[in-house]
Amino acid sequence: MVPLLIWEWPETAIIIAVTLLVAIIGRWILVRAIRGVVAGAIERSKKREAERPGVLARAAGLTHERHKQRTATMGSLLTNVATIVIVVIALLTILSAIGLPLGPLVASAGIGGVALGFGAQSLVKDYLSGLFMLAEDQYGVGDLVDTGECKGTVEEVTLRVTRLRDADGVIWYVRNGEIVRIANHSQGWSTAIIDLPVANDEAPAGVIAVLRTAMSNLVDEGTLADKLLDAPTVLGVDSITGNTMTLRITARCEPNQHWGVQRVIREKGQEALAAAGVRAPKYPGPPPTS
Amino acid sequence: MVPLLIWEWPETAIIIAVTLLVAIIGRWILVRAIRGVVAGAIERSKKREAERPGVLARAAGLTHERHKQRTATMGSLLTNVATIVIVVIALLTILSAIGLPLGPLVASAGIGGVALGFGAQSLVKDYLSGLFMLAEDQYGVGDLVDTGECKGTVEEVTLRVTRLRDADGVIWYVRNGEIVRIANHSQGWSTAIIDLPVANDEAPAGVIAVLRTAMSNLVDEGTLADKLLDAPTVLGVDSITGNTMTLRITARCEPNQHWGVQRVIREKGQEALAAAGVRAPKYPGPPPTS
Amino acid sequence: MVPLLIWEWPETAIIIAVTLLVAIIGRWILVRAIRGVVAGAIERSKKREAERPGVLARAAGLTHERHKQRTATMGSLLTNVATIVIVVIALLTILSAIGLPLGPLVASAGIGGVALGFGAQSLVKDYLSGLFMLAEDQYGVGDLVDTGECKGTVEEVTLRVTRLRDADGVIWYVRNGEIVRIANHSQGWSTAIIDLPVANDEAPAGVIAVLRTAMSNLVDEGTLADKLLDAPTVLGVDSITGNTMTLRITARCEPNQHWGVQRVIREKGQEALAAAGVRAPKYPGPPPTS
Amino acid sequence: MVPLLIWEWPETAIIIAVTLLVAIIGRWILVRAIRGVVAGAIERSKKREAERPGVLARAAGLTHERHKQRTATMGSLLTNVATIVIVVIALLTILSAIGLPLGPLVASAGIGGVALGFGAQSLVKDYLSGLFMLAEDQYGVGDLVDTGECKGTVEEVTLRVTRLRDADGVIWYVRNGEIVRIANHSQGWSTAIIDLPVANDEAPAGVIAVLRTAMSNLVDEGTLADKLLDAPTVLGVDSITGNTMTLRITARCEPNQHWGVQRVIREKGQEALAAAGVRAPKYPGPPPTS
Amino acid sequence: MVPLLIWEWPETAIIIAVTLLVAIIGRWILVRAIRGVVAGAIERSKKREAERPGVLARAAGLTHERHKQRTATMGSLLTNVATIVIVVIALLTILSAIGLPLGPLVASAGIGGVALGFGAQSLVKDYLSGLFMLAEDQYGVGDLVDTGECKGTVEEVTLRVTRLRDADGVIWYVRNGEIVRIANHSQGWSTAIIDLPVANDEAPAGVIAVLRTAMSNLVDEGTLADKLLDAPTVLGVDSITGNTMTLRITARCEPNQHWGVQRVIREKGQEALAAAGVRAPKYPGPPPTS
Amino acid sequence: MVPLLIWEWPETAIIIAVTLLVAIIGRWILVRAIRGVVAGAIERSKKREAERPGVLARAAGLTHERHKQRTATMGSLLTNVATIVIVVIALLTILSAIGLPLGPLVASAGIGGVALGFGAQSLVKDYLSGLFMLAEDQYGVGDLVDTGECKGTVEEVTLRVTRLRDADGVIWYVRNGEIVRIANHSQGWSTAIIDLPVANDEAPAGVIAVLRTAMSNLVDEGTLADKLLDAPTVLGVDSITGNTMTLRITARCEPNQHWGVQRVIREKGQEALAAAGVRAPKYPGPPPTS
Amino acid sequence: MVPLLIWEWPETAIIIAVTLLVAIIGRWILVRAIRGVVAGAIERSKKREAERPGVLARAAGLTHERHKQRTATMGSLLTNVATIVIVVIALLTILSAIGLPLGPLVASAGIGGVALGFGAQSLVKDYLSGLFMLAEDQYGVGDLVDTGECKGTVEEVTLRVTRLRDADGVIWYVRNGEIVRIANHSQGWSTAIIDLPVANDEAPAGVIAVLRTAMSNLVDEGTLADKLLDAPTVLGVDSITGNTMTLRITARCEPNQHWGVQRVIREKGQEALAAAGVRAPKYPGPPPTS
């Protein structure tokens, strides 16, 4: 709509020069800011490694290396995005300074942007969630996580999806934006919980004594020495319903080792109860505590 | 589109001067307002500490310190955001006063802003929720909270996510914006609730008397003296269904100590009932009150 | 983009003067309107106090005072918001009259506003809901309410969140905007509902007679005189399933006293049935009507 | 941005005059339209009253009066809203005709409007829903309604919330916009449904005959004469499962009287079955048809 | 902002004339299009009546009349809306041609429109859904429909809500936009499904033979002649679980008559089984197939 | 706002001519593109018919004809929409070229469009979903489909709703946009699954042998020859719970014939087990696998 | 609104030339970028094939070919979209340079775009999800996947929908945008899980020994040699409830072969237990672990 300004070129040339200058400086600032964030994330990862308790520290070197690599990748991606955005804006400004009618281009982009924006919002959400999950180092390849949608070992983390493999060998692709909360089972320990039902007319104190002895034997034998972090604790009577009295034992153990620990303690406990003549409940008890 | 105004510089210079002035004053007001809010939050935290009842007061000094640090961090973040926003606007105004065509820049930002806005809304929501939860001091590191998504001890509070560790040792990352309501179990006390089933043809008054005696013995022995805030109360018959009469005992105790208290009272109550010859229900009772 | 109008100052001065005049008058009208609404809310609160039945009237003076204070706070908040909005608009109008290029400022605010708007919508919703709940006096500190998310005694009401303490001593922070419906248990009375199972081959009329006698005895003894508003009513046979006939008794009582009342009536009713030789159901009955 | 047009006043004066004229005529038309709608609603209410069957007609005069008052209130509210909107627009048009720069005002209002619009949408929805529910006369004070969220007697209807009191004496505040469907139990009748279980080896025809006799006796005795609209109908065998044959009786009765009617019919039916020697099911039957 | 163009009236007059011409022609086209759609809907309704099978054809004349009336009402409503829209646009164009500053009016309408639009979207959705449901003739007054929210006989259909009365006499107001799918039980037939449990050691063939004889007797007796469309079919053994073998009988019958038909067939089937000495299951069977 | 350009008619005439030219060419291209898509869909339908296995091929000619008709209808609808859109745009461009002020028209349309857009989005979604489901030939009249909302035989497919008739004769209207996934039961085969419970102390191998013999007899007799695609397979022991061992038989059969096949195989299997003296489970087994 | 610029053609010609140049270069860059992405995806697919373990490698050549074809199709689609977008924008820019009033066209497109955008967002979401799922090679034709909505073998993957056939032969059409997470059962292995209930007074150690022997026999016999990846593992006692002790055996096997493996192991285990005289639980155990 405005006649080409290319003829009045001293001014046009100055505008183009200023535009290029601003673009170059802007990009330089952005790239430095991104590098700073990446370096900070690597620092934080290093520090967190150092803080991890007990057995978790073993894999620390490995994990840190993995994380460093990841943040580097993330940084280069962000640098690319920033460069593309700045080049496009500078280009448009120069075209506009020359006097090319940009109206249709901007209008098309606007309409297309809104039309796409509605449909693409879950895509943007996936990427932003992935970005923050990486930056916050919530989990990494090899961790056992529960995303709400499914539970498994992380096989690959990308900005859009996380790939898990569950206990049955099934591959899961979960979009990062759909992960409202994530549970990381590999940072810390697991707790084994064992419920043993007996008849409700047994004396609680006696049954507890039997189980305590069984547990201290179990520790003495060292059967679970490589899996247990503490000696198992006989908590006492967890519930009395119908003709069933349920006793609970708990034990802190290595991450994800609680299934096996639970089975061993259950067998030992049951054998001890049988040997001590403690009777089973006469009628079917309540449904198992899920 | 408009020729460079740089040549008509007296006016351009005045505009730039006024812009800078407004920017500096605006930033000064904003920073002061933020400091005021932060100081108010610290004041309120101090006051709330003073009001906390009983055993909770012990950790008060620690908690206040923690909170002070947190609000200071929050204040510096807000100051940074305000500074960036004001610098960007002042820069754009000056570029526009010089006569650089800003149309493409603003249009790109607008389209990008809308396109991102849809996807980033949950991100913004997370930050705003985090900001208000911090300002309102809803919970802090070390509190046991229930976010609806999961329940555990707070390990870290950031503006975007809250990190919890649950009873099984699992780490949970919960996005602040997804927390619709939060239950803080560490501000006050816990209530232990114990249900004991007996045969429904036992006389209620007799059974209640047996349990009352057992409870006063328990208090006399002082077994739970460090966990109980009040003596346990035998409320009476809570329900009669099928062949089961259920009696309920409650007891106020220290925060998060109710699981252990419940087990001890359940054992003592059951022993007292057995000793007094109160019969168990002949048939399986109702499912446990979940 | 437009040269500074500051030189053509007679017109500029007139615009500034008119702007200030309109701003001052506008603020005056708004503040008066807010005061009127606040005064109306206080009036309505006073009237409602006067209408509250029975025991609720006792706390009336206290409640009214509380409410007056609350609405005053609310009014001053609204006055502040109105003042800020008018000052900002007047400032922008004057800057524009002087000739400062406001385009970048407005564009930035617009983009930022939309970007924030999506994420902040739940925040605005919380505040608006809080405002209306306060204005409508739906509940106050000390009331027992059920917000759907949780149930407890209100400890604090702010414009954004409501703080409750439930029966177990847990603190709940509930965002006002998430409260779709609220149940106030402290405005009126509570109804105790007691279901008693007997064998289904007992004669209904006889069992009802036994229970009616027991209830009139209970009233005569005056055990629950300070909790009951009416004498308990034996409604009759509420259901017959399997081998169980269930009889229902109801009683209106003071707000939140129904748990205790239910236990006492259940014990007395069961004792009366036992004394009259009414047999219990031979087999486990249905699950309790929840 | 445009110099004040106040000096070229013949044209400015004409614009102002035309603006005022259009505003006055526009308001007059709107007010008349609102009055027409209100009058129509009152007419419709009167007509509906006349159509209500049986016992419902008694309260007709009262209800109509109530409704008339309500629609009048609604009309005055709408008139106020229309007046405010027209005054604001006329004022802005005149300010613009004088030459005041309205850009910042409109931009601020626009940004604020969008920012508020997202958060306030549920508020607007509440008001619009309330408006239409009032206009359509879906329920009034004193009706027993089920809003999906809760069920109770309407105590107050405002444009934003409906206040109910449920059978337990609890006050409920339900936002009108959240009411997707509403059930009005006070416009028509209620149906009592009684299920009686017998052993599945009883002859269906015999059992039905016993119950039919019992029901005709019940009608002859006139026990429920003031509650029943029709004589109870013995429908027959409703289901056969396990060892239980379930017979169903239904009866149309006055609105909300079906709980009491069900209890009486259940007692009479059970007594008749016992008297006729019909055996109860030998084993616990299925869960009650909910 | 632009001086009144009223003085340069030859051009202004031409613009006004063209505007009026375009408005009149536009309205004429719209009204004709609406009439065409309405006429088409009436045609379609007539045709569908003619296609309805069996007993449904009886009420055809009545239904068609009802539908004609409804579409006529709908057409007049659409004509009104079209007229109002065209008048408003023409008025605005003429005011703009005269030179009145319409900016503030349009801006106010825009902001108000967006603010309302968010809250009113469910309202618009209700009306649009109602419009299409009427045009597609999905149901009419007197049909028994299931809207997902509730099930009952249609008493009134408006563009915004549908009023139903359910089997218990309760009135339901359902917003049309909330009806995701609708089931019309009055267009076609109903299927009675009867499940009869027997001991799982009975010979399937024998039991089926007994039931087939019973069913053919039932048809011969003509008990259900006015309700059944086909003779009942004994499908065979539908499931074997625990100690129960369940046999299924189905029968096509008049719309909504299946409850009564099911009861009669169940009684006859049970009597036939008893007469033939087929034993009932020894233990309680599975829950009824819902 | 701009004086009529009609007087400077050489330019105006050229604009009008170019506009008409562009409109005619644009429409021609669009119509051709639509025809291409329609022709492609018909081609694809033809090809798919040819690929359908076994018995499904019988109805192929009929189905293809039906599909051809449908796509033709769809094509003509799209052509109409394209024509209307192009005519409206060309008209507006010419009016604008003549100099008519289109501002108010476009503003009204914009506000109305946004206001409607929110409410109409589910409508647009319905049409778009319908369009794609037709183009992808997901189902046709006569297919048995499961839309998630309901399951039945398709009676009519329109762009907005799909009309189904379920097994009970009820008509369902389902909006196309609400169909997230659709299951077409008529393209392929059905699988009959039969579970037979026996006592858990029976020898698995023996029971399986008995059933295998029974199944081969069934195939030899040819009872289900017209329904079965393969001989039934005795898979083995599907679960062991409590005192019940469940054996599973499966059989591929004609689409929708599995209910009848299941009943026949169940009867034959049960008879074979009874004849071989295999005992039923002593206690009620688990709930049926739903 | 602006007079045709076609007469001042030197400038117009330059604008057109620059526009065409920019369009051609832009398209060339986009096409190259698309080709790069496609080539990268093919590379990645090749690499992933190489990494697949064991039996999965067999189908590698086939899969890679399939994937290559798919990405090629995808690339040509993207190239088409990019070409159309660039042609439309270039056309609009040239029309605008000539001086044609594009306002109405852009406004129509804008309003239509917003109106469609709301309804079409799920469509755009489907396409974008499909695009990314293809690019990430989450699954291919022939894989067994679980989309949350349904589970089956992939028969066709398009950008909008995925077509599955489930185990019962039913065809499922699932929209890609609705797939929040996907489980691919064909990439890796499956785990067979077998639970065997025994009486809870059996000695755990003895029962486990019996099962271990049975499992090693099963491996020795080689019955499942072509399905098992590892020897089955007897994990131990998985739960003790009521009178039931449940033992668990697991086995890694070929993808999707676990149903058959489970049945064989269950039969062998049960036979071994019976042979060793291990008693079944006396009372019905818990419901099967679903």
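Read from first to last, the chains carry the letters A, B, C, D, E, F and G; within each, the first residue is number 1.
Simple rule for what comes next: a contact is a pair of C-beta atoms (placed from the backbone, for glycine too) under 8 Å apart; a residue touches a chain by one contact, two chains touch by 3 or more.
On a predicted model such as this, the values are computed, not experimentally measured, just so you know.
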item	value
Approximate Å spacing (C-alpha centroids) for the pair chain A, chain D	47
Computed distance of Cα centres, chain B from chain A, in Å	21
Length of the line joining the C-alpha centres of chain B and chain G, rounded to whole Å	38
Chain F, residues touching no fewer than two other chains	95, 110, 114, 116-118, 120-123, 244, 283-285, 287
Graph class of chain-chain contacts, one of line, ring, star, complete, other	ring
Sequence of chains encountered when the ring is traversed from chain C in the direction of chain D	C, D, E, F, G, A, B
Chain F - residues contacting chain G, complex	2, 8, 11, 14-15, 18-19, 22, 85, 88-89, 92-93, 95-97, 102, 106, 109-110, 113-114, 116-118, 120-125, 127-129, 132-133, 136, 138, 146, 177, 180-185, 187-191, 193, 200-201, 203-205, 208, 235-245, 252, 255, 258, 283-287
For the chain A and chain G complex, residues of the former touching the latter	1, 3-4, 6, 95, 98-101, 103-105, 107-108, 110-112, 114-123, 147, 149-150, 158, 160-161, 165-175, 178, 195-197, 244, 259-260, 263-264, 266-267, 270-271, 274, 280-281, 283-285, 287-288
